[in-house]
Each structure stands twice: as structure tokens, then as C-alpha cells.
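What follows is chain A paired twice: with chain B in the first complex and chain C in the second.
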Partner chain A sequence: MTQTTTELQSQADQIQSLKRRKQQRFRLGVNLSYAVLFLLLIYAFSGIKFNLFGLQFSTISLDTAFIAENWYFIFNGVWLTILLSVLSIALATVLSLLGGLGRLSKYPPAYALATFYISLIRGTPLLLQIIFFFLALPQLGIRLTGLWAGVLALGLNYGAYMTEIMRAGIQAVDIGQREAALAIGMNQGQIMRRVVLPQALRLVIPPIGNQFIAMLKDTSLISVTGFVWELLWRSQKVGRANFRSLEALLIAAVFYWIITILFSIVQANIEERLARGVRTT
Partner chain B sequence: MTAIVEVNGLNKYFDSLHVLKDISFEVAPAEVICVIGPSGSGKSTLLRCINFLEQPDFGSIAVNGVKVEAGGSGREYKQKIHDLRLQTGMVFQSFNLFPHMTALGNVIEGPVTVKGMPIQEATEIGAHFLEKVGLGHKQDSYPSRLSGGQQQRVAIARALAMQPKVMLFDEPTSALDPELIGEVLGVMQQLVEEGMTMLTVTHEMGFTRRFAHRILFMNEGRIIENGPPDQLFDNPEDERTKIFLGAISRLGE
Partner chain C sequence: MKRLLPIFLLFALLVSGCVAPAPPQAGSSGESAAPAAAEDLLAAIVNNGTIRVSTDANYEPQSFLNPQGEFIGFDVDVAKEIAKRLGVEIEFVTPDWDLITAGNWGGQWDMSVGSMTVTTARSEALRFAEPAYYYTPAQFAAAADSGVTSLADLNGKSICVGVATTYETWLSGDLEALGLPEASYYADPPTDVTIIPLQTDNECAQQIQAGRNEFQAFLTSNTVVEAAIREGVAVVKVGSPVFSENLSVAFDRASEKDPTSLVAKVGEIIAEMHADGTLSGFSNEWFGTDLTQDPTK
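Showing the complex of A and B:
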């Protein structure tokens, strides 16, 4: 006996809803676990004392008066942290595009320059580069403010790492696209500008987003210049002055964490939208 | 009548593999040539050498009086290849439309970017050619919103918009679902009737038989038959042609 279409339909629905229920149960479990972890974290910093097996334990107690008084001063560094990241990622994107084109170039000096740049930057520490731009350049008569020294160092550094992303993005564009463009008589420059790069840039937006999120936290290194009032610098300033570094650094950490989560959500949205836009034939 | 395409002593190697062996032939204006043969026989490579998408190692290609010898270099040589490409339009097996441009954007890209035509004029020409392939209503659609058959017709319009003297088709229907092949062949038939010079690599024996003026049968990098369809289909000279046609016709039954 064959099943009717309605029977088959209800069977499919049952399988579907079973699957959905399983997923919902998993999500619920995950969210509950998050809540427990979060409560534990709060508890760990609550300052509550408790007795276990006759021993006296105490959780970490924080100076709430200090926090209430200073959180806003530290919070004001968020804007500078974001500004530093945006400027640096912009510089890094431009440099990595040039670097990626250089790495793919058949013109020896361009290839050599790009390779040299990557090797030099990846071969030295980021912290050294930041301090170098701030402290060493004045000796050569080039005086940069802490902000521009930081942006230059971060941009150059991330640009070198992102070069490989750009190179991969350019190479990922189907060879048929170049051939079609050649066949209608386009030259190499036109092909790059009109056909390959518009498609490659679309591909590299998600990984560049990741780099941006990583960079948000690396901007804290710029605090060593002592003249850029971003998150970490502000928290160190008030923390040291009041012998409350524990509280001050925790506040900065929480802000870094929140910005990262927010930008990760933005990033996931962009990625989803791009994935929907690109349909392979 | 002088030939519009002249291929002379063409040889091509992929590393040590000799894929084209001393190929010479001519094509007269308005002639329709179908290149057939088993896979790996060098059909596509031959077609791609004609507009220098593959660089031949020896020999020469001339299209509409623009002659390029194999193995040159330098700016002047590149300019010559460019001039040669402007004489030809090419349609690919996998369409290769630009996915970030609309159908119209694809068609006017050549005229605007390569020829420097004003957008307005190019748009008129582009609309005309899209109309011609039956897709006037799809001007603003992106390739991802078009069926395979529609994409291939846009690709044909894109090639035609450069107003080439010779059209090269590289297995234009091989990537299409059977029910979409007809619409592409229909456009090609229209071009045949308008007197376009065409070189087509294809497995469509129906099209070949009806419209080809001449068939080149290739095997192992050589042209082993060169004649009108009746002669080749009904009276093949070479044993390998017989075997190939036998295999194809069995498939068709």
C-alpha cells in the first residue's frame, strides 16, 4: 500500500518538528549555562565570605565606591579605542591591497618590495614597532603624536598580515572572469579594476572584519606611548593613582569585552548578508 | 573570396604534451565551422589560440587582416594581440558573466571600458543586443537571477556588443540543462542566418548537421577531417571519425 501525499507530508512535518525541538533544547541548555557562568563570575567578585569544612573562604571584594567614581572616566576611552581601530584598519586595508597586488605582480621590484615589507613587519614585535614610531623617529627629526605613531604602527603591522588575505581574495576570483574580460579586449589594469577587485573585496570583507576585531584589543598597546587616552591608558592612570588597579583593569576589560561582542554581532550580520548575496551558478 | 581567419602551422605544448600539431586552415567570411572530436583532442585549445587566450608556441593566426605570429613579446606585440581580440567575440562553456554587474552592465562593459563609448550610446547598443537575444526585459537582472540559458544568451550579447568579425563558441551548451539548450541554439541559428562568421566547438550534432558549412574533426591534436557535414557524416574517410560518429549516434538513440 502506498502512502498518500498528506501522510507523507505529516511524516515530514513530524521529523521537522523533532529536529526543531532538539535544537531548541540545545539552545536552552546553552543559555542556562551562560547564565550560571555569569552568576558565578559575579559571585566571584562579590566579596561574600563563606565557611567550607570549617575553613574561612572569601571571594574577591571590589571597591565599589572607586568603581562608581571612575568607571565613566575609563569608559570615555572607548571612543578613542574605536577611532584608533578604524584609522588603523583603513591604513592596513590600503597597504594590504597594495601588498597583495605586489605579491601577485610579475614585475620583480613590486614583488620584492611586497615580500620585503611582509618579512620585515612580521619579523619584529608589534610593541617594538609602536615604540619605534613614537620614540625613535623624533631622533630623525620626525615627530609624531602618540596617536599617529600608534595608527602608523598598527596599520603597517596589520597591513602586512592582511596582505595574504588580499592575495587569497584576488586569487579566489574565478579564472574564467579574467578570460571573459580578456576576450572583450580589456587590459590587465582594466581587468583588475573593473572585474577582479570588486569581486575580491567582497570575499575579503569577512576576514577583514575579524582583523578589525582583533585590532580593537591591540590598540591597547598604544597606551605605552603615554599620550593616547584610550581605554587601557585611562584605567592604568586611575588605577595606579588610587592603588586600585584590580578594579580599574577589570572595568577596562569589561569594556573591551562588550565592544568585541557588539562588533562580532555586526560582523556576523555582514557575513550573513554577503553569503546571501553571492549565489553560485 | 579571401579568408577572414587564417591559421597557419599552429603548434601548442602544455609542458611536454603536444596538444596542437601543425594545424592550418582557413575560414571564409560568413562561413560556419563546427569543430568536433573526442575530449582531449585539442578542440578548445585551438579555439582559445585564435584569440590568444592560450599563447601558441609556433605558427600564426590572422583574423580580418590582423596577423599575429606566435612567440612575440613587448608592448607592440601586446597591442597586436589586443587588436586581434577586438576582431573576435568569444562565448564560454561556463558563461563567465561578471556577477557584480547587471545583464546590461555586462553587455556595455566592453564598449564603455575598452572602446571608451559614452554610457548613453553604449546603453542603446546594449539594449539592442539584449533585445536580439530575447532578454530585453532582463536588462537589470543580475546573473545569479538568470537561468543558465539566459546567462549564456547575455554572454552572447556581451560578445556581440563589441561588434566582432568572427564569433568563437567554446562548447556553448555543454553546461546547460537539456531543456535550456534550445534557446541558446536558437540565438546561434539567428546569427548563422545573419551571415556571422562562426567557429564552434560543440557536441550538438543536430546543430552541426543543419548549420555547419564545414566540419573540422580533430583527434590527438590534428585535424583529420575537413569537409562539409554530408560528406563527413555519411562518408567519413578516417577510421577514427567513423568510431567517434558511431559512438555519438548510439548515444543519440
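Showing the complex of A and C:
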């Protein structure tokens, strides 16, 4: 009897280790492919030109002296880009929560306001909205700095898109949860605050993280106001004045990419935390 | 969900509340644009101790950023000197060029020291300090391999200019909108050209450098052409300059605070800087030549 158990045990071990080896091989293959792709990218910008069997191969050549001299000035825009994203996503989250509740409201004006907001904002380009807030509001006596005009435009814009995320998150909480809360005598506000929203939060965090990463790059549109020295603005200024726009934009692109990778890792960690204690299979 | 009603009402109030503190609308034409009781802009600046100057930091050697992120250049030095002689600190702001030329600055900055040509059209939105602080010739340049070598070759070609620049206005043949003195024009605009306006003059040179061929030539200030050639862009000058521009310090005509005394004061300061050789010194330092003498005189 014990014999069979150990035999079964070792068979299970074998299957497990086979699985593990397969996984390890896969990871190794992926990492190697990353390395090859990365080297290809470096090669594409190396400026190397050579002739092979009568075929002329050329790559994009960059002014490295310009890059060495100006990368730090452009890099300093990273903090503002992150600040803009964080402020905008905070505003967007608040707006989308209000919008999501409005979308689900049984009260006609609230429902109308929410859907009108979504329709108006989703129906016009973000770039146009940023310029609008910068140019139109002074006529109302409101002089927002470029930073706040940008945050307001980005926040309102992403708030409209995220409203649908919030609505879906709230609706995804099982109806039984509301019924149970109602049965123990909670009123609608309490049900929302104590039962539905905490559960909806877990569901909406991944898509909001996704929106945040998208927004990181849309902050570059704020550079059109000319007052916000974020990554793109800085690279455009030094690029134009020195006739080296390509180099300057590539520096900014590298930093956008790095920030995005870092925030993707943060997002993955948050998701893992929130998934604890929840059965997925 | 009725508990949300107060929130939405509050929101609606906030939105409509924005309409209430609307400032008195200043007229946009005529010298008496600012209301009589308006606060004096010069007094406000002296009181504040700071003047806010817009600069378009896309142009070397007029206005650009060094790797430390400081503004340097001819325009920047002129602006700093004006602030010094006004006895106030200086703060630079960096709106886009078409925002500066459009006027209606909404009080976000006080003056523009940005190599702006005085034109009739711009005078409707802006006021200019007299006299001009320097003069630049407008110069055609073409891609070195385009085969364009004389002004006559430009007829029927596509020509790039910065958007909302005097070069765009001149190429389109609207000399009335330019309103430069007769003696400032050295040549007639080429005929049958396709105008390609890009965001800044420098984009024209960069697109040629990048190997694009939507246009064969561009028109800009001689100083920009020389900067491009110095930076190794493969372009050549075409013919001699076609017109001369008076570049002046500009102020917002629709300003809430009355700019009249500031315009006059800055004009006096510039006349002094011409007389005592300060401007010639800056010009020799940044352009390697003296561009501060009026070529029409």
C-alpha cells in the first residue's frame, strides 16, 4: 500500500518537475528573445552603414554629443510628467466615481448629467480640450496655470472614460450582497459605502491602472500650452533650437518607456495584493 | 440615489458660479481700449517688483535654453536689460508663438521680447514699443540638392514658413497686413508658390535635414538660416534678402491693466539702449554683427 503511495508521489513529482522545466525553458527563451529585440533596437539607431553582397544597409545615426549634453535637462521633466499623471488620475477617479453613480442613478437629472458629461467629453479630442481650458477659462475670470488647466482637462477626459469602468465595477458586485445588506437594515448610502464600493474597488483597480499608464503619455499633450515644462516640452525646445529634434524626441521617448515599465510593475504588484484571499479558479 | 442630488446641485452651482466674476470686457480696437478707471500696468509691475516676459525659446541665438535649463540669447539679454532699467526682477514664461501674436494674453504675462515684427495686422491685437530694438533681413534658403539657386527658381515651388510669421504673410502677398515701410521691401514675392506652414521656422530646416521633400525652400529670418547652416543642416541661401523687418517689444492691447505708460517707458529705455551702444554690444555678441541700425534710414 505504502509502495503505491510513494510511486504515485514520485510520478506526481516527475510531472511537476517536467512542468517546471518547461516553464523555465519558456522563461529563458523569452528573456533571450528580449535581449535579441533590444540589441536590434540599439542596432537600428547605431548609425552603422555597411555593404553586404552589393546591398547597402543603413541605420539611423544620432548626434551623441547633443544627447550627452542635453539628456539631463530633458530628464528633469520626468517628475512633472509623473506629478501631472498622479494629479489627473486622482481627479479622474473622483469624477468617474460620481459619474458612475450618476449613470446608475434612478434620479433623471443625475443620470442625464452623467451621460451628458460622458458624451460631451468622449465626443471631443483631448488635445482640443486642453487648449480650450487654457484659452477659454480666462474669459470667465478663471486664470488657471498651464499645469492646472492641463490637469483639469486630463482629469475630466479620463474621468469620462473611467466612468464606464466604475459603473461596470459597481454592477459586477453580486446583487445578493445588496439584498443581504438591505435585510440587515442598511440604507442605500450605507450599502454603497460599506458593501458595494469596497468590493467594486478590487474590480476597478486593474483597469484604472491601465488608464493611468495611458495617461502618463497623454500628459505630453499639455506641452501645447507652452507653460508646462514636462518631458515633451523640454525635448521640443532643445531639439528645435539646436536643429536636433529627432535626438531630443528619442531621449523623451526612452524616459516615457522607462516610467511606463516601472508603473506596470507597480500595477502588477497592486493587483497581486488585491487578489489575495479571492478564489480565482 | 436621491442623496446625490446635493452633490450635483453643488457641481452645477460651481459651474454657473464661474460666470459671475467675469471681468469688464476691454474693447479690442482703438488707443482708448482700456477703460479709463483701469489700473496702470507699469505701476502694478513696479509695485510687484517683477515683470513677466514671454519668450519663444525655440530659436538660437535669439532665445533658447542652455543644458542647465537657463534662458539665454539676444532677446533674453535685451529683456533682462529692460527689466534692470525698470528696476524690477524678470520672470520668463514660454507660451507658443501663435498665442503671443494673437493678443488677449489674459494677464498671464506683461510683455513680449521675442523678435516680433511690427505689422498692421498685429497692431490690432498688440501695441509695440517705439523704436524697434533691431532689424533682420528675411532670407530664402533651399535644400542644397534642390537645384534652387536664385529667387526666380522659386516660382511654382513649395515653400515652408513658420505659422503666423511675417514670412507667411509676405509669401501670401498680403503686404497690407504687413504694413512695413515701402523702403523695407527689396523684392516681390515669388509667384504660384504653395505655402507650407509648420509650427516653427526651425521645423522647415529640420524637415529638409531629415530628408523630407514636400518643399524645396523655406523663408525665415537670416539669423535662423545662418544658425541652421552653422549646425550643419544641408541648406544654402537663395538670392539676397527679400525684405527687412523691424523687431519690437510687444504688449497686449486687450490688457485689463492700462499698458500705455509701460509702452512709453519701455520705448524710452530702448532708445537709451540704442544711444549708449548696449544693443549693438548684445547684437555683436550673439549675431557677430550689428543688426540694430535701421536699414531704411
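Note that the second predicted complex is superposed on the first by the 270 of 281 C-alpha atoms of A that agree within 3 Å, B and C clash if a C-alpha of one lies under 4 Å from a C-alpha of the other, contacts with A are read in each partner's own complex, and residues count from 1 in each chain.
Definition applied: a contact is a pair of C-beta atoms (placed from the backbone, for glycine too) under 8 Å apart; a residue touches a chain by one contact, two chains touch by 3 or more.
Not measured: the values here are computed from a predicted model.
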Considering only the touch criterion stated at the top, classify A:Gly185 as touching first (chain B), second (chain C), both, or neither.
first
Per residue count on chain A, the busier partner among chain B and chain C is C
Mind working out whether A:Gly176 is in touch with chain B, chain C, both or neither, as first, second, both or neither?
first
Check the residue A:Ala110 against both partner chains and state whether it touches chain B (first), chain C (second), both, or neither.
second
So in the superposed three-chain picture, is A:Gln139 touching just chain B, just chain C, both, or none of them (first/second/both/neither)?
second
Does the superposition put A:Leu101 against chain B (first), chain C (second), both, or neither?
second
Touch check for A:Thr225: first (chain B), second (chain C), both, or neither?
second
If you stack the two complexes on chain A, which partner ends up touching A:Arg202: first (chain B), second (chain C), both, or neither?
first
In the overlay, answer first, second, both or neither for which of chain B and chain C A:Asn70 touches.
second
Is there a shared patch on chain A that both chain B and chain C touch, and which residues make it up?
none
For chain A, which residues are in contact with chain C within the complex?
69-70, 72-73, 76, 98, 101-102, 104-107, 109-110, 113, 137-143, 188-189, 224-227, 229, 233-234, 236-238, 240-246
The chain A residues in contact with chain B across the complex are 174, 176-177, 179-187, 190, 194-195, 198-199, 202, 278-279, 281
Going by the contact rule at the top, pick out the chain C residues touching chain A in the complex.
1-5, 7-8, 11-12, 18-19, 21-23, 57-60, 64-65, 67-69, 93-96, 99, 104, 106-108, 200, 202-203, 205-206, 209-210, 227-228, 231-233
Contact footprint of chain A on chain B as seen in their complex
51, 53, 82, 85-86, 88-90, 92, 94-100, 109-110, 113-114, 143-144, 148, 151, 155, 158-159, 162
